[in-house]
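Paired with chain B in one complex and with chain C in the other, chain A is shared by the two complexes that follow.
== the complex of A and B ==
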């Protein structure tokens, strides 16, 4: 007989007049990996909070091990034995691994801390997982994968009943994700339940026992393992089919960007050529190379060996002049790349100002930008305060700013991470807009996400080396195997 | 209830606040709190100016004042909010049980009023009405079921004599189906009986749908024999399967599949009836889920010709009346994908007559 760990029964939660959870029902069994595929972000945050704490709800019941812990009549505000693992680590960075796992734990009652004893306990925990983590290492020095493992171990030591894994593929590499899946499977055999929240069904299919599909704060379908098929999901997702863009110029030897035997601390003898107008994805399987790549382009580091050519010119030597032709769009750009105190149009023209001469009257330029971009952006272009705009409008702002600036190359860092299906669909359209303007697009990613939808070519980098290259014709094979 | 009338009533209420005793009491309490605070501050200022040590004595009233405020919050404000919320949910139809099990009634008289309402509500009568409705929906046109059953037995006999096995089998299935619907209506039945009735029903429908319709039953438990002995209200599954066939699969091009999945936990029996039919529109799903959440028996006397969904509401209401509002039906549906109906019941492994023990009110 299955043991039920958590059950949310017809939960409706209203926050500030907005129904964040609407008649939401879900049950999770002991030792089960329940997937939660969120078609949009509506209600996701509230749901995670509700799992962790018995906060007031408008209607419904919440059961923990079949005992009612929260209902519409009375919410105790008590905490449930639930751990959440997400991008923002909940570990104390300045403490060691063993301190985080054992000492900052509810059950720890000792007055003297014997680090040898704690290290031995850690070894016992990690022995079966085939993972080695130095217990005396500061959490600050750990990789995102190691932090995840430490958080899982901390949750196990704290005897939680449910571990919520939230959008993990956004911040750990594909190779590490496989290891995390192994760990999750190991602990499900020990009776721990997992709620695996992600945006991509391909990812959820690989690990989950059942999947609930959530849209606008309500479950619209629960899929059993026998229903884990692309055609079943297709009914719920938007159409991501896409028209391939032909290359604007003939393939040349130097292309627009060429790396010739480049080596840095993490990059090993990397060589490739990117043609003008191409869209190339760099998939960093171990999440070690991307930082070096960005720093090389920014001129923050110099290659230990090899040369970079931009439009056939040595890039490192003429960096000052060429750097302005390459733009970056950072990860989660609506949080990190906008000036909240500036108006929409000021934000939009922010990069373009670089190209204008001092004597150009700004008002006239903004007027003509509005004339050109209003049909693409809509009424939001007149917004004086961007804080209240929708994420879609803010993504428009980030991407059309680059569109207006028209660099030769735009480098997108993990463009699809943290975006729900609707936003990802919109981002694909925005990347298309950049490509229509013949801007070369380079996508740096640690997980494949929807990158292949827009790409002409995929380069897989493993342990700092370029392992494989795939052209768009081979993407369907890749989707099934990566 | 008409939402416009409700809003109008809310507006009138806001305009005539002084009519309600609660607001009068609230104004007086707030006035007393403000006055006490003012007196305390006044005394503090006087003692401070007189520079005597007597002002230390004011610590006691300060603590008493803060204690009273805390008591006001814990003993009055929070219980009032809870009671008020349950009453609002009762008015909107979300809960009936909550109202009858009110933890903090406003006064003993109010408690008596609630008990009186509970007696008037007379759940037995409502139960009878829903049972009749279920019977009606199951038999569709019950003029004389015993006569019908006997006639079917006659047809079966004649068919066997004539060597028409398929007619005999169909007549037998029909007879079994009707007999199940008519007999022992007041009792809980075993899951085995209920599933057997579904198989009969499926057999009958196969004559119409042929290979277009398929049915599978999955029992997700190591001890299947024990699960089959669990009890549930009679005719819980048949109306749901009927809905799946007629509102899901019949309108779909090509083959359709109905799957019944049974899962158990130490306290619950979870049955999911899924079909891969045409599903339903979001508005229709919302409407149906709203009816499933709101406990109302309006549908019993409804002459509305649009019967789809009534059977489901009936089953849901019967479950809620028998076992409490934490049990019942959940529907998940997507247009052109299919519908899942999840029925949650308590795990009952008892003999007949258990129905009264499990009633909540």
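== the complex of A and C ==
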């Protein structure tokens, strides 16, 4: 008989008058990988917190190893033996790997630190995983994948019962994700349970034993392994396939952006040409070249060799001048790219102001912008405080700001990460709007996510080199294999 | 084979947190010594070197305390006032006929209380460390003034000869006791910082306080420990000051908090927390001492000395910020390797 580790029984939690968890039930067995597919973000944060800490709930019960640890009558606020692995690392960057795994841990009893002893313990711990880690390496120097491994090891040493893996494919490359899955499977055999939270069913199908589908803080369906089929999921997900793409403009030899044998510390001899109006996805399989790519375009670093052409002109030595023609939309832009103290219209015109002369009457400009964009944005354009707007409206703001500025190229960094299904669907439409204005779109990603829905071309980069290129006709084949 | 071992040792040394910056600063110290030696050969005389080391010792001691606090990501502005308080409290008691060693013990207790208050205000009451220690700075200075009714004390007298010898005038193995005190304190606190769990927790709090909290580190306890170490060091320097002058002066330790920050920061301790080693504090305090001493020999006025030290502090902090910004995003080589054949399978 399977041993139960965690059980949430008809849990309802209301925070600030909003029902974040609605009659939520879930049980996780020992050594099981339970998937959680969130159709929207509602309740996700509250659920993770509830797993970690016995916070007050309005109805229901929480059981840990069949002992009730939390119920609607009494919540002790105590912590459960649960570790969360997410983008925001919980490691101390200035300490070494062994310090993080063994010393900065609740269970560490010794007072004196013996690095050799701890390194030996680490070797023992990693022996069966086929992993070799230098215990004396500072965590700061590790890659996201390596940090993730260290966090798993730290959780194992701390003897947690459940490890919550949250949206890991947003910051771990496709190649590294396979390695992480292998480690997860190893520890499930040792009796550790995992809650694998992700946005894409394709990802969950590969690793999970069962999958709960959550929407608006409620489990709407639990899938067993035998039900892991696209058609089962189809009834719960939005249809992305209907979106039409504007045609790419006529190809020219130099295109709008051309890299010719570009090399940096991490990029090796990269050559490609992007046409005006095209949408190209760069899939960085090892998560090593994106930073270099951004810094190159931004003029922060210079290539070690090779040349960069923009509209046929060689910009290799004057990369900083590209800034006026190329825009960036960062990852999780509603957090990172908006000015919370400014009004909606000030935010919207922020980039476009660069094109205006100092003496231009701002009020008149803003009035005409409102006239033009009100039909696209709606009433929100008049908002003086953007903090209370919905994420959808804030995504509008970010993308229409670029739409208004009309750069030649916009570079989107992991546009679909941290966005739930509804937001991803909306993002596809926003990217489409940019393309209708003949803005070239470059998407930089470490996981494929929904990028293929909008792309004309996919370039796969492995170990800093361009390995393969796929045109949109071959995407269906790719979806099955990546 | 031997060459390979040497390389490994060098690699190990360079892998120590902040060692690169310490080596850079040490190189600067050597250059300063050579320049001052050329300007005035007396700089390298035995007598001057002994004096220089005695000058450096108190700065090193308060630098150790400040380094502890800075590594936790906080700051202690009360150091100078605690030095003054320690000097006045001990001297007043000694002039009133209290046994010098009993006076020393009571002084330590008073000063450690300031450290505990600092720690509690910062960690438990969540006051910004700048404001909390600014408050205790004024309080400690007030105690220093009130303890002898707003007067400097009289001479602590012949009964305190043993005390004065222990803290300043005495020698052991040909080296002044002040230098021994500094060396012993450095060894103890360096050991705690590098080889014990408390030391790791101090770095952890300064580097990622949330991660430390989630890992079960008692933030309030460790922060208070750092402030108590700082107060302990300040108290020791106060006693040394008392031993030097043989009396208690109300303005003792004025501006010492700045010297402590200077010694730590020049030596590579980050004001942002989580980084720095006490070897750097030794170099930082030495640069401070050499600059003071060397510029004095070169005939530079006090104002110029202050300007020089100020400039060096600003440049050091700037270097820290630049180094933090410019840290490579990824290291060149992956330390983790997984059996590729197995993954493919």
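To be clear about the criterion, the second predicted complex is superposed on the first by the 470 of 482 C-alpha atoms of A that agree within 3 Å, B and C clash if a C-alpha of one lies under 4 Å from a C-alpha of the other, contacts with A are read in each partner's own complex, and residues count from 1 in each chain.
Just so we're on the same page, contacts are C-beta pairs under 8 Å (C-beta built on N, C-alpha and C of every residue); 3 or more make two chains touch, one makes a residue touch a chain.
This is a predicted model, so every value here is computed, not measured.
S.K.: Putting chain B and chain C on the same copy of chain A, do they fit or clash?
M.R.: Aligned on chain A, chain C fits beside chain B.
S.K.: Which chain, chain B or chain C, ends up touching more residues of chain A in the combined arrangement?
M.R.: Chain A has more residues touched by C than by the other partner.
S.K.: Scan A:108 for contacts with chain B and chain C and give back first, second, both or neither.
M.R.: Only chain C is touched by A:108; chain B is not.
S.K.: Could you look at A:27 and tell me whether it touches chain B, chain C, both or neither (first, second, both, neither)?
M.R.: The first partner, chain B, only.
S.K.: Touch test for A:288: chain B only (first), chain C only (second), both, or neither?
M.R.: A:288 contacts chain C only, not chain B.
S.K.: Looking at A:235 after the superposition, I want to know if it touches chain B, chain C, both of them or none. Which is it: first, second, both, neither?
M.R.: first
S.K.: By the touch definition at the top of the document, which applies to A:134: first (chain B), second (chain C), both, or neither?
M.R.: Only chain C is touched by A:134; chain B is not.
S.K.: Is A:179 contacted by the first partner chain B, the second partner chain C, both or neither?
M.R.: In the superposition, A:179 touches chain C alone.
S.K.: Is A:91 contacted by the first partner chain B, the second partner chain C, both or neither?
M.R.: second
S.K.: If you take every C-alpha pair with one atom in chain B and one in chain C, what is the shortest distance in Å after superposing?
M.R.: Here the least C-alpha separation of chain B and chain C stands at 17 Å.
S.K.: Quick one: which bits of chain A touch chain C in the complex? Just the residue numbers, please.
M.R.: Touch residues, chain A against chain C: 89-95, 99, 103-106, 108, 110-113, 129-134, 136-138, 140-143, 145-146, 149, 178-179, 182, 265-266, 288, 291.
S.K.: Which chain C residues qualify as touching chain A in the complex?
M.R.: For this pair, the touching residues of chain C are 15, 17, 194-201, 203-204, 206-208, 210-212, 214-217, 274-275, 327, 329-332, 334-339, 342-343.
S.K.: Help me check something: in the complex, which residues belonging to chain A touch chain B?
M.R.: Per the stated touch rule, the residues are 1-4, 9-10, 23, 25, 27, 29, 59, 61, 66, 68, 72-74, 219-222, 224, 232, 235-236.
S.K.: For the complex, which residues does chain B have touching chain A?
M.R.: 82, 85-86, 89, 94-95, 98, 103, 220-223, 261, 263-268, 270, 272, 289, 293, 326, 330, 332-334, 336-337, 340, 342, 344
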